[in-house]
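Each chain carries a letter (A, B, C and D) given by its place in the written order, and its residues are counted from 1.
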Amino acid sequence: MIEFFSAIADPAVFATVLRVMTPLLLAALGVLISDRAGVLNIGMEGIMLSGALIGVLVSAATANPFLGLFAALIGGGLLGALMAFFINGLGTQFIITGIALNMAALAATTLGLFLATGDKGMSGALKSGVLPNIDIPLLGGVPILGPLLSGHHMLTYLAILAVPAVAIMLARTPFGLHIRAVGSDPKAAAAAGISRNRVQLYALTLSGVLGGAAGAYLSMGYVSWFAQNMTAGRGFIALAAEVMGMGTAWGTFAAAAVLGIAETVAITMQTKGLPSELMQMIPYIVPAVMLTVYAARRQAKARKIS
Amino acid sequence: MTRAILAGLTEFALTALVIGLVILAVLVPLALSQPDPLEVLRLFVLGPFGTIRHMGNILEAATPTMMTGLAATIIFRAGMFNLGVEGSFFLGGLAAAATAVLLPLTGLIATPAAILIGALVGSLACIVPGYLRVRFGASEMVNSLVLNFAFLFAGVYFLNYVLRDPNAGALMSYKLPGDFTLDRLLQGTRLHTGVIIAFVACLLGGIWLYGTRSGLNVRIVGWSPGFASHLGLASSKLLMQAQIAGGLIAGMAGAIEVLGLYSRFSWTGLPGHGWTGITVAILARENPFLVIPAALFLAYLQVGGDMLARNLDVPSEIVGLVTAAIMLAVTAAAIFRHPAFLRLIRDIKGKEAGEEQGA
Amino acid sequence: ADKVLLLVNGALGDKSFFDSANKGIEEIKAKYGDEVETKVLEIGDDPTGWEPALLEVSEQDWDLIIGGTFSLSETLGAVAEQYPDKKYILFDASLPFEGGAYPNVYAVQYKQNEGSYLGGILAAGLLKSGLPADAGTALGFLGGMDIPVINDFLVGYIAGAQSVTPDVKVSVAYAGSFTDAAKGKELGLAQYRSGVALGFIAASQAGLGQAAAAKETGKFVLGVDSDQEAIFAESDPAIASQVVSSVLKNVDVSLVRAYDLYKEGKLPFGSAETVGLAEGAVGIVETGNYEKLASAETKAAIADAKAKIAAGEVVVPTAFGMDTAAINAIRDAVRP
Amino acid sequence: MSNSPQMAEGPIVSFRGVSKTYPNGTVALTDATFDIRRGSIHAICGENGAGKSTLMKILFGLESPSAGQVLIDGAAVDTATPDFAGKHGIGMVHQHFSLVPILTVTENIILGHEPRRAIFIDRNKAHRQVVELTQRFDLAVDPDARTDTLSVAAQQKVEILKALSRDTRLLILDEPTAVLSPPEIEELFNRLRDLCAAGMTILFISHKLHEVRALAETVTVLRAGKVVGTTPLAEVDDTTITRMVMGRDVDVPRRQRQRTDAPVVLELDNVSTRARDPADRIEDISLSIRADEIVGIAGVDGSGQRGLVGVLSGLMRPASGSIRLDGTDMTRAGTPGWREAGLAYLPADRHARGGTAALSLADNAIAGTDGDKALQWGPFLRRGAIRRRVQQMIADYAVRAGGTGERLDSLSGGNAQKLIAARELAGSPKLLIADQPTRGVDVAAAALLHGRIDLAARDGAAVLLITADLDELLRLADRVLVLFNGKIVADLANHPGLTPAALGPYMLGLETAA
């Protein structure tokens, strides 16, 4: 146990956890907002993928990575809004809508990449920028904590700041109240004059914005290009993280951190020569085990009380 | 009765019309960019019916998704959103191949034994998340989603360390012995007896769901757990039975796919037929009889898109876009609940109701 | 005109294998102009679609149908039997030609282990001299998946490195994906952290993730399949400067060579050839950073190895035919 | 209040030719025209499905009329615009609870018009507003409690507070008394009279004529979407109103018990449950019911009724005591055991527990008849036989339905309840539990259901009737037990002298007579 903590306190390992966690956390918070509004965003994977491509294309075209990020956020938001239009405007089921979006996004990003670069694999030929790491002025000098907390990617800080922001938004703002009301009982919310369609539209849009940021982190943070299907299932892991987080922002944060640690452990173990297939199972087994343990404990508690 | 059928046909016609419009909306701009626009439409729409072989391709592509669609239907009907079908399909194929490679079976029992073992092992991917839900209340959707990948990597590990043929140039199992195969049905295609199994399975599934007592009980448990407990139905047992049945069917589908089409096992990623099966189930409105046309329809789109990509300079990704658009269009309830449409259906049905009362 | 078709059972844009085959077709077209009509057809990575596609194109009026990979080989063989009048070229795999089988198929395979052997010499040589002293003490290898083709690169690479430094250490990892660049980058960073100075990235776009890690940490990568320094030369020079060289698998060269022979009527249908360094079908990039970084001694060692391999004096080990335990033994022997 | 003095004379609301056809083709209202006098308490009566709720939803801005106009203060208004109700000072207590269960009382009350500070909810101000509301209208609830932890009566109070929270001058109450006990109803009525005296206009919907009489001055009767008439209550007698509502006379006699010496069928000895929720908790309950005996349970909602039904249907196991049905020990039996032994049970929550909305009438009607050889051949269902059986049930219970293949949720609430009753009462049950059998059901359907319950008793069933409708209780029950805090506090033989008012003190735990 001590070994584990001292390993995590190693700035390099800690930074790995943060990097692995960042896209999961951004996406999972997006899923959280949609879920609390009663329309679980199954299309997160597709939104991330689109955000990743849009960010690269716009950043390459404008030579400004911040405009690229901005475009990724807008693009993600528009896709979220599009989902809301389909679900509430045309009455499609939210699961089908998400699956369809994922399918369409995979095809469309490949096509888009091809149209922009003449290449279906990756955008290496485009000169797209990366978003910067941020050194926190005073903190950087503090021993132990400084190297641990300073100098990470701007979207990592954004993701972590998004946790209290989402928590406060849900608990303390009228919009958050409306989200919780609509997600829990749309009829009752309607009786109070709150339009389910409008709230879900805004919630999915916001969810899409966070998904766009998660995608931009992959293509403008991790690496400086877009590659076909580069999200590699992170949108689905984000769904798992959100469910593990029990519908709260802080819980989602904890779940994303645990998944980040699991993946980091898997990566470190691989360099020690354990079979790669078994290491690749770790990030998938951990959420299943945690989910089940939580559920079992909740059940046991409920039984004890009644 | 006749009018009820007429009303059903009206709904079907509208569905077809909507799909037609969607295809046009996606394809027309594409077609116009081609030298011969009409050829694009002709190829996509009629191409799959052009030759026996292409029709065989449709059936071939629909065989696994009919069965995974059926499996997903049964699972969803029991009120669980268990996505283990994909994992079951993968494990079923792997276990069938392992049976063929590792067990000294020959003759007529060889293939059935491999399919049986494939079904049994494959069902695990549905049973585990189902059990964790029934026993502990853990979300079966998320558990099945992540466990699918865990099963995949465990399977690849098994393939690499146990089944791998070192003389093959890729990560592949040893060749499956000749007794482990399904008969081909049609020259020039790979259509095999599995397609008959798939059809029969869907029909039996439909008869079970709508025509038997246990099918009715599963539908009750799935739709309203409260009513089921009021009736004293053994909900947990019925739920698990549905997960087991779905898992067995999906595992069997994987086994049939491997034995019917391949001479070696070489999946190193999830093959995707389980995800398609989930789409099929939803398109079929969770009705086993409708699973057949829904799977055939998706296969038809697939074949049409492949033909476009093969014969014209059309990127193959267009199929993904068309399929996504059609999935949305077909499930867009707003179209089917539009007042004008409802009035039409009511008029057709209403007269019948009137007639019955008059009689 | 001759009609030549290349089937891509994956997707173009992999920056390696299929792109190289595609380049071969382009070179054929450039070389023969109006004498030849060429087309490249992507048939996707779902194996269920391959046989229908092969059957369909075999019905059409192509003279020469080209397809690659071991996964496609059995399907291609079965279809070729049904269309004896058509000619087929199978690359990167072979068929059992014994007893006159498949008289209309020509197969060509690559000794990628020979190319990566040179890569190994280069890497170990650079480790001795050429890289900054603080870069690290070990070599790395990042594979897309733990599969034979990739491991063939691995064993050649290790053998080459050992020929320079017998007790060289090589840290081996697999990304489990050829597209997950983020994962590739993390594995790369982990390797660099553990003391790796230079990693060989046989993992397509996932491998390029490690190139991004090299840029961040100031460490190095050895590219694969095509000149990966060139990919970033324009768009991201900082990455390009960390790519010491690339191990090449010149599918294009082998296809042009095969077509030349075909035109002369000398292509040996009904048999398989294995091409390597001697035919120029594999090799390493010897321009760019290689020029700058490699010491004269290393360059000489590479030239020497080329000659010896071509002469058959050095036989590079191959992962084909090795079982998993044997490969594990090799990996364990060099683990840092 | 935003009453403008110069308008104070004319009607506050006028409906002019209001019609409503729902998208599925249901014609809910045809040409409704009448006025509501400012400052009055105006009742609306009518059968199930007469269109009462629809009219109120239009006035509240939740639905828009297909034709016609609504005038407020004499001016035509556009309903169904966002915040219509807030703008015109209209509050509504909906027929079905419209509180969000996971929110607190305060959050529910401010929902849709939250006080803000910058972009945040001003929680202090919200809290103050709610406290002030509870004091002004003398309706005490804990502002910070989560709504789903409150009793039904407390939730009703929250509903009313919510309706009053926005400068309300017109308050709509759609069947607010259905879940309340008589003393609670009396308290509610006193509050409403106070509000009216303070200048508020109140629209009140109820199926119960005596309530309408007790509270309102004027009544409008709707039948099948049309206005039958609007009259001052003082000018009409009960039979006239009943005739207006029903289109004919209905008379509701008390039940006549046939045998008083029949054998005891159900016996409970000192049965207790341990449960956290008071509704599930019963203590030391002993009772026996004979064949052809209907025992009515009175009691404020949540006094242990659910626990009693739970142990008698296998949903809960008693912590102590014993239960016998027809001499067989059933103490530890589960639901299948109870059903096997001859339990029929009309659940109170009929939407969740009475049937499956998405399944056909036929499937719903034969659910739970596992092993009935007439309907089943091996594992297979005999569809023809089932259809004939269910058609017979539909005819016997006068269920208004399109056909046996229609979905259950195509039926109105009353018709669905008749179908559920037809299923439960098929065969001859030994024990019948009827939990709120006619809640929200119109008079004709209620009469039919009462007849069937009576018939089941005569056929030899012991009947346990749990109902909040004391008229129904006194009409049907042979004996009345009053539950309070999980205990039986009164055991009273029913006789014409027993009145709802007499039950009140027991229900509130002020007296005992066990």
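Miscellaneous remarks
Definition applied: a residue touches a chain if its C-beta (ideal position, glycine included) is under 8 Å from a C-beta of that chain, and two chains touch if they have at least 3 such contacts.
Keep in mind the model is a prediction, meaning the values are calculated, not measured.
More C-beta pairs in contact connect the chains of A-B than those of the other pair, out of B-D and A-B.
Chain B and chain D, compared by their mean Cα positions, are separated by 45 Å. Computed centre separation for the pair chain A/chain B is 30 angstrom, with centres defined by C-alpha atoms. One finds 35 Å separating the Cα centroids of chain A and chain C. The residues of chain B that reach two or more other chains are 153, 160-161, 337, listed in rising order.
Counting only residues that touch two or more partner chains, chain C has 145-146, 176. The multi-chain contact residues of chain A, meaning those touching 2 or more other chains, are 110, 114, 275, 277, 280. Under the contact rule stated at the top, the pairs of chains that touch are A-B, A-C, A-D, B-C, B-D.
By the touch criterion given at the top, residues 81, 129, 132, 136-139, 141-143, 145-147, 149-150, 153-154, 156-157, 160-161, 275, 278-279, 282, 315, 317-321, 323-325, 327-328, 331-335, 337 of chain B touch chain A in their complex. Taken in their complex, chain B has these residues touching chain C: 53-54, 57, 60-61, 153, 160-161, 164, 166-172, 188-190, 261-264, 266, 268, 271-272, 303, 306-307, 309-310, 316.
Chain B contributes residues 211-214, 216-217, 219-220, 223-224, 226-227, 229-234, 337, 339, 342-343, 346, 353, 356 to its touches with chain D in the complex.
Listing the residues of chain D that touch chain A in their complex gives 61-62, 82-83, 85-86, 92, 94, 96-103, 107-108, 110-114, 116, 119-121, 123, 162, 275-277. Those residues of chain A that touch chain B in the shared complex are 86, 89-93, 95-97, 99-101, 103-104, 106-108, 110-111, 114, 233, 236-237, 239-240, 243-244, 275, 277-278, 280-281, 284-285, 287-288, 291-292, 294-296, 298-299.
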